[in-house]
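See the structures that follow.
Below are two complexes that have chain A in common, paired first with chain B and then with chain C.
For the complex of A and B:
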């Protein structure tokens, strides 16, 4: 993070506040709901930016990691463990704040479930394990093995979610409780909490942005970018390439899973479509359209396109729109729209300066 | 003192025997050259020493430590660094960042430290930057530090690659055809630079086709022909070796030896 990035971050924060004020002022606060969801989806995109843009490893399984995070939170916070309520360990876990007795939203009976924080941490640990299992074999090799492995993985996850009664089959899971994440701050889609949740989601997205940008401009980030440009040379310079690729993969999977957890609590539920390959392709599209290794571009594009998609502007062509964008970007501007635009602006401004100097010289 | 020793290296690619029975020693503090016609297995030998792939048979010992079969990053950690025949800089990194990658193995800092930019991390980053700038200065390119690696000329890329290798603080530096693609003046500078690097205590093993350069700077020469060593010794001896002359001129060795071999080798 350099001074320019901090300035951009301030601009972003100002825009976030301005949008909230406008939405509230114009009595269109419902827009904030989609912007909150877009901010959470952007976490997945930022993580994928690190993996694809910096380390050069493509993943078609980030929808699955999002779903793993979301479903872990959903299942653990709704699945009734009352059968074991008498067990000694259930008492211990209750005292430790891992389990909690809660009223069922539908029939009013009390049920023993995981607390949202415990479920979130369990989801993170589970995601690390799965990401290592999926990433380790394919990342030891050079080339696009990760893309294939993760595509297969996401298809498996999708089918498992559809098949398993534990995950609610095709209906997914509803009635996920709100998550009191900090005293006075609850992740929930309820109307009175709309504004606080909007700010919370953007705070999280900006924190991820800052951490990732710090990372990219550090020893670790340099190693990842070196791997992208030349794996053999990076290895010969002392970088344990397999380990660093796996590290980037796990970090990006964690961000996707965290986004899944947050959004599941926010939406009070999750469905299997989150794990579909189309969703994974959508995340890849958003990284590509942002300029691959451009966190700012990906964040902006992710919020814009996710917002439009969530508002339903793409209608039934939703997935097709993202597919077309991906094809257009890759064939017409592989660096994304921002880099050529920046170059153009730079050229125009240097031309003007050069032109000015010339005039000065002749006069 | 022997820094590096290879015992009976053999390398097969399918049915092709690229190297066979290659044994040699590199004395600490010296410059040793490996020469031979194209396809003699010189670069293969470098790839084996630096761990890019393990040899089919044989072993390599660095200061009493077996390094055969280690991965390149492990070999680098033990003090062997290299440059490549085609300069392989990291295209999307700046010149300075390229050299800073060379500091990777000499610095610490994981996910946590780096993403939070803790004070210790910032200090380490500053030190790495200073060291890298110093290395760039040694090859005379400190003024290009903030340029993109893509903006460099071919000769400059070679020099930055050399600076990157120096940044790992190697005991042994492998240079794969450092003079190819350089003009006469650049080659002259390179010879002086290699001399200075040796002065600073780094042992050098190089593959090179520029015989004038090899004869000028090396203490010891190994000649490979179709994957087998045919001669080893100081430049003066190699220049007059009938077998070497035959290999380079493709003539009957007796005839070649009578025709001022020294001139022809230069």
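For the complex of A and C:
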């Protein structure tokens, strides 16, 4: 990360604080709820940005990874293990803080469930395993094939979630408990916790951003970009293309699953529509709109569009709006709206300095 | 078995559609399933004005034009873009078409009337009771495939299209207008899809969101046969259809689609060049 990025990060932090102050001041705190959710969705987009923008691999399976993370958290923290309460290992796990006895919200009986932290870690491990299982064979495929393979994977996950009773079929799971992530800090959608959750979500989003930018500006990032520009050439240069692609895939899947886990605790539930192909396509749209390899652009567009969509400004045309944006952006501005804008600004400023002698095409 | 062959033949048509566009342009059209949906929808709407055969014909023509239009509007201008962009734009088109269908028609499941007889009329063959619609599906699909084959083999246009797919530059030097051939390929593939959408509509119903599922299974069929090989795609389609209908014996019906997608993934991972295709080194996969 260079100095400019730190400056941008500070700017982002200032904007986040300013928005909170404005929202609180104007008594419109309910906006913060959608902004929190947008921040979590942006985690998925940022991860996908790494995979699509830097490594040039299209994945239509990120909705599925989001759902895997969310459902793992939801199932583990709500599924009652009381049957095994007498078992020895249940006692050990309870003492280790992995399992916890909790009152059932509906009938007051106590149930034995995983703690949110344990569920989150289990979700991460599970995601890594799934991502490697899916990624290893499918990343050897190129272009169309990769997109189709990941789309097939996400459809499988969607169908499994819809069909299996463990995941609540079409209703999904609700009643997911709040997640006390640190002492005094709880991921939950309750009204008094709105502001602290808003800051928490943005802190996580910014941490992901810093992480990814450092990754991109490292040896790994250069390798990924080499793969994007020419896989054969990268291979010839001694880059282990398979390993780096798999790594990018796993990292982005992890971010998606983490976002799913956080958002499930925040919304206290999750439904199968999170794994639908539409969701995956939406993430791809957001990455494309942001300019493919532009983390800042993707983050900005993701927050903006997710916010508008969650507030319901698009009404019944929600999906159509995303489809149309996708087509327009790709056919008119394949590099996203930010690059031409940046070029324009650069051109104007160089023109001013060089007295207009600069060739216009070169900017 | 017969339901498997019937649905398999529809997958085969979708797979051929994939092949047509792929060999002419190198694009995999994710909106392929939408053509099938549109075909059924348009025919159902036209039925209120004209008779059944006219409605089917009209819908096929309309969707063909729609396919040509898509090519003219989007893909012709975007030749220079990367594969990633192409994939994304066909995905976008698929969504927009789906949403347009949702708003023009609605989320209700529709169907055309049975072409002959009705829901309960059957034909007895070897002790199995089969709906006459099955014969319509099989007949139409095989006729379409034969005509397509003859078209490719003997007509000037078909030969020109084959030339384009095997070597675009040489075809261009020989005076073939490649851009027009691409438009024709899109139109043909859309028309075929629409025809399939019409014949399958009485038994399998038409719904606005049927597209992606069909596209994926059609793609599985195309891959099973090997891309760029339309006739093998037919076998691939039948295989996928039969596997799907037999999977009901092994797993609950709710998991039916899962098995079809699992076949796709398996084939992609194990034999990306198709069961009948030759491995062409470094073409599909690297490493």
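Criterion: the second predicted complex is superposed on the first by the 351 of 363 C-alpha atoms of A that agree within 3 Å, B and C clash if a C-alpha of one lies under 4 Å from a C-alpha of the other, contacts with A are read in each partner's own complex, and residues count from 1 in each chain.
Basically, a residue touches a chain if its C-beta (ideal position, glycine included) is under 8 Å from a C-beta of that chain, and two chains touch if they have at least 3 such contacts.
Keep in mind that what you see is a predicted model, and the values were worked out from it rather than measured.
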item	value
Partner chain in contact with A:12 - chain B first, chain C second, else both or neither	neither
Chain B versus chain C as contact partner of A:299, first or second or both or neither	neither
First (chain B), second (chain C), both or neither touched by A:160	second
Touching partner for A:316 - first (chain B), second (chain C), both, neither	second
Partner chain in contact with A:270 - chain B first, chain C second, else both or neither	neither
First, second, both or neither for A:233, with chain B first and chain C second	first
Partner, of chain C and chain B, that touches more residues belonging to chain A	C
Contacts of A:241 with chain B and chain C, given as first, second, both or neither	both
Contacts of A:50 with chain B and chain C, given as first, second, both or neither	neither
Touching both chain C and chain B, counted on chain A across the two superposed complexes	232, 235, 241
Parts of chain A lying in touch with chain B, wherever the complex brings them together	1, 211-212, 214-215, 218-223, 225-226, 228-230, 232-241, 247, 251, 293
Chain A - residues contacting chain C, complex	52, 56, 58, 60, 137-138, 140-145, 147-149, 151-153, 155-156, 159-160, 162-163, 231-232, 235, 241-242, 277-278, 281, 284-285, 288, 316-317, 319-320, 322-324, 326-327, 330-331, 334
Of chain C, residues touching chain A in the complex	28, 30, 74, 77-78, 81, 83-85, 87-89, 91-96, 98-100, 103, 212-213, 216, 219-220, 223, 252, 254-255, 257-258, 261-262, 264-265, 268-269, 272, 282, 284-287
Residues on chain B engaged by chain A in the complex (per definition of touch)	50-52, 71-73, 75-77, 81-82, 84, 88-93, 97, 100-111, 113-117, 121, 124-125, 128, 164-165, 168
